[in-house]
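My questions all concern the structure below.
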Amino acid sequence: MATVSLIGDEEASAEVLAVFDDIRATRGTDYVNNFWRALAHDPALLAATWARLKDVMAPGALDPLVKEMLYIAVSVANGCEYCIHSHTAAARAKGMTPEQHGELLAVIGMAMQTNGLVSALQVPVEDSFRA
Amino acid sequence: MATVSLIGDEEASAEVLAVFDDIRATRGTDYVNNFWRALAHDPALLAATWARLKDVMAPGALDPLVKEMLYIAVSVANGCEYCIHSHTAAARAKGMTPEQHGELLAVIGMAMQTNGLVSALQVPVEDSFRA
Amino acid sequence: MATVSLIGDEEASAEVLAVFDDIRATRGTDYVNNFWRALAHDPALLAATWARLKDVMAPGALDPLVKEMLYIAVSVANGCEYCIHSHTAAARAKGMTPEQHGELLAVIGMAMQTNGLVSALQVPVEDSFRA
Amino acid sequence: MATVSLIGDEEASAEVLAVFDDIRATRGTDYVNNFWRALAHDPALLAATWARLKDVMAPGALDPLVKEMLYIAVSVANGCEYCIHSHTAAARAKGMTPEQHGELLAVIGMAMQTNGLVSALQVPVEDSFRA
Amino acid sequence: MATVSLIGDEEASAEVLAVFDDIRATRGTDYVNNFWRALAHDPALLAATWARLKDVMAPGALDPLVKEMLYIAVSVANGCEYCIHSHTAAARAKGMTPEQHGELLAVIGMAMQTNGLVSALQVPVEDSFRA
Amino acid sequence: MATVSLIGDEEASAEVLAVFDDIRATRGTDYVNNFWRALAHDPALLAATWARLKDVMAPGALDPLVKEMLYIAVSVANGCEYCIHSHTAAARAKGMTPEQHGELLAVIGMAMQTNGLVSALQVPVEDSFRA
């Protein structure tokens, strides 16, 4: 259970419903997932978060599948269960293969490992790496 | 300064030098960066870490630039200064454009933000997201 | 399930019961929550933790509701499920309104986002910010 | 040094300068701090981040000093050096007293400690804490 | 539920079965735990991870129980539920007493607390601490 | 530089000096390290933190060197630079050998790696691991 209730369509304000409808239209689905229904207790926070997510995750210099995998990488390091599940599902929906998933896991595991080693060693940064 | 000294070539054992030489050959450079020189106090740990990194970061189902960006994403979430600098430099060497860097930052920022919102809300995972 | 059993009143030592009783008296409730019952396997750790918490969370230069919200902020960044639930409940008991909760979430989300951006950019600290 | 250069006014585009000017006007200062100058390599990211920060940190149901302290709490848990320095300076500018700073530290320390204990014990959440 | 299915013996490839068999032989048990069954979707990642874990956790300059407790300490700080449960069970199987568990918790809690205080204070490192 | 000044003996109150003197006496040194001098702005927080640290790190069911290594493990996962330096120095002062340091690093690296893999896979906890 969440720390707040999940707002159903029937109890949503017009402002909230407009966001829900845009989520549905953008994704081509009838489904509005739990994150948005929990966030809807604060309509302004809901609207701002959705508007920004829609913009950031759109195709650009990086393709949407790469963006989903980057999202998973951050969420794994932060241990965000819901985020890992929802973005892994999204990455699959955008074509992530089992081989790509395996390599994603391997890179995450490697990065976690060397993050720990570097942290323990407090390795000084070379000037050549700096901008 | 690190918690250990950095091992120079002149004080390196044969086992350590073999790793340093493979790093140079694999990367086509004379330079061995500080991380490996700090790790070299434990030759077995050095050898195992390098062997694994070389394997994980090689081209595969994901291209090397995507792997570097995933590495950055994890390192940013963990706040690993050295890792962020070295892998940002590596990503640039592999062709990351300023536009791609900007989108990488935007996705990381977005993921951090929703990780925090989801954590605060403790959003329950939909069954439809589970494998 | 926890990594240890939860200690009920009937199996608690006199030292543990004294802490449980002080928790009840301080909070004006009959209920002793699971955290303390898990911690009670080490009576000295239980007593030291409770004594310190009671002192730190008491009214002072910051009011108790602000302290609860700060507690939530730290717990969210650390992803501590139990802590988020228990301190959100405590904040509500101390008068946190839905509007305050919404703003708390917005600040946490913003801080997470800029923490990630700053980490990725490794922004140098201005001298003017230092004590 | 950052992973990117810091954009000075003289090299800033009109879009970036408009954000810098709004930062100066909003804060009543001539100074634009390093974070914004690093972020300015991506004008759209700069503009979106500043617009959101300005909105989130404005007075509302929580007062601006409380928001700064919440920002510090998240940044400390994430270990973001720049963020801790800049928001501690901001909190002082908004009136944080040494006594309030001391209590802020004490609450953060306590939350970190019990986050660790709860995590180690994997304490199950009571139904009574759930929304 | 995991983000992938758990691979049973009957659906495992020869390469995966060889790892499962080595896990059983090394641990003197018939049981292969869920982590390995989830990881088995990528046989190379499974084999590399198991080979490294087996080597790292073997008796050496540190005894196996100390290694398990170190593993718990890292997993607690990262909030990894499965890791905390599995390594707490492993530590008990290797002889961890309730008194040792209590002291492990106390050290973790203390470290979390001072990590937070040091982070908030941004304490400069003494030269005398550096290698 | 810290977010606060470091309190020297000459400006310390009697309450603070008593803690500094106990640190010196307990450790058999004239040196009071920066952490305590930063914390001394809040004498009550200083006294409570030192009293607890002294108690937790004393010999008990775990030996002091093991406790220092556990402290390092937590501090590495949290990326606390000062804590890593000071407790690595303390571990060496208590006899940590280079071989033990190497194994400590290897265990931390392994734990970080599998924490990441488990988080990405969201592996369900076996009932047999629960208390």
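For reference, chains read A, B, C, D, E and F in written order, and residue numbers begin at 1 within each chain.
The definition used in the following text is that a residue touches a chain if its C-beta (ideal position, glycine included) is under 8 Å from a C-beta of that chain, and two chains touch if they have at least 3 such contacts.
Nothing here was measured: the structure is a model prediction, and the numbers come from that model.
Listed by label, the chains touching subunit A and subunit F alike are B, C, D, E.
Chain centres here are means of the Cα atoms, and by that rule the chain farthest away from subunit C is B. Among the pairs E-F and B-C, the greater number of C-beta contacts is found at E-F. Ranked by how far their CA centres sit from the centre of subunit A, the chains are topped by F. Mean C-alpha positions place subunit A and subunit C at a centre distance of 27 Å.
Taking each chain's centre as the mean of its C-alpha atoms, subunit A lies 21 Å from subunit B. Averaging C-alpha coordinates per chain places the centre of subunit D 34 Å away from that of subunit E.
Shown for subunit B are the residues that touch two or more other chains, namely 1-4, 39, 45, 49, 52, 74, 76-81, 84-85, 88, 102, 104-106, 108-117, 119-122, 130. If you check the complex, the residues on subunit A that touch subunit E are 79, 84-85, 88, 98, 101-102, 105-106, 109, 116.
Per the touch definition, subunit B reaches subunit C in the complex via residues 72, 76-77, 79, 81, 84-85, 88, 104-105, 108-117, 119-122.
Per the touch definition, subunit F reaches subunit C in the complex via residues 1-5, 48, 52, 55, 127, 130-131.
Only residues 3-4, 39, 41-42, 44-45, 49, 74, 78-80 of subunit D touch subunit B when the two sit together in their complex. Residue ranges on subunit C touching subunit D, taken from their complex, read 1-4, 31, 33-35, 38-39, 45, 49, 52-53, 56-57, 60-62, 66-67, 69-71, 73-78, 80-83, 85-86, 88-89, 97, 99-100, 102-104, 106-115, 117-126, 128-130.
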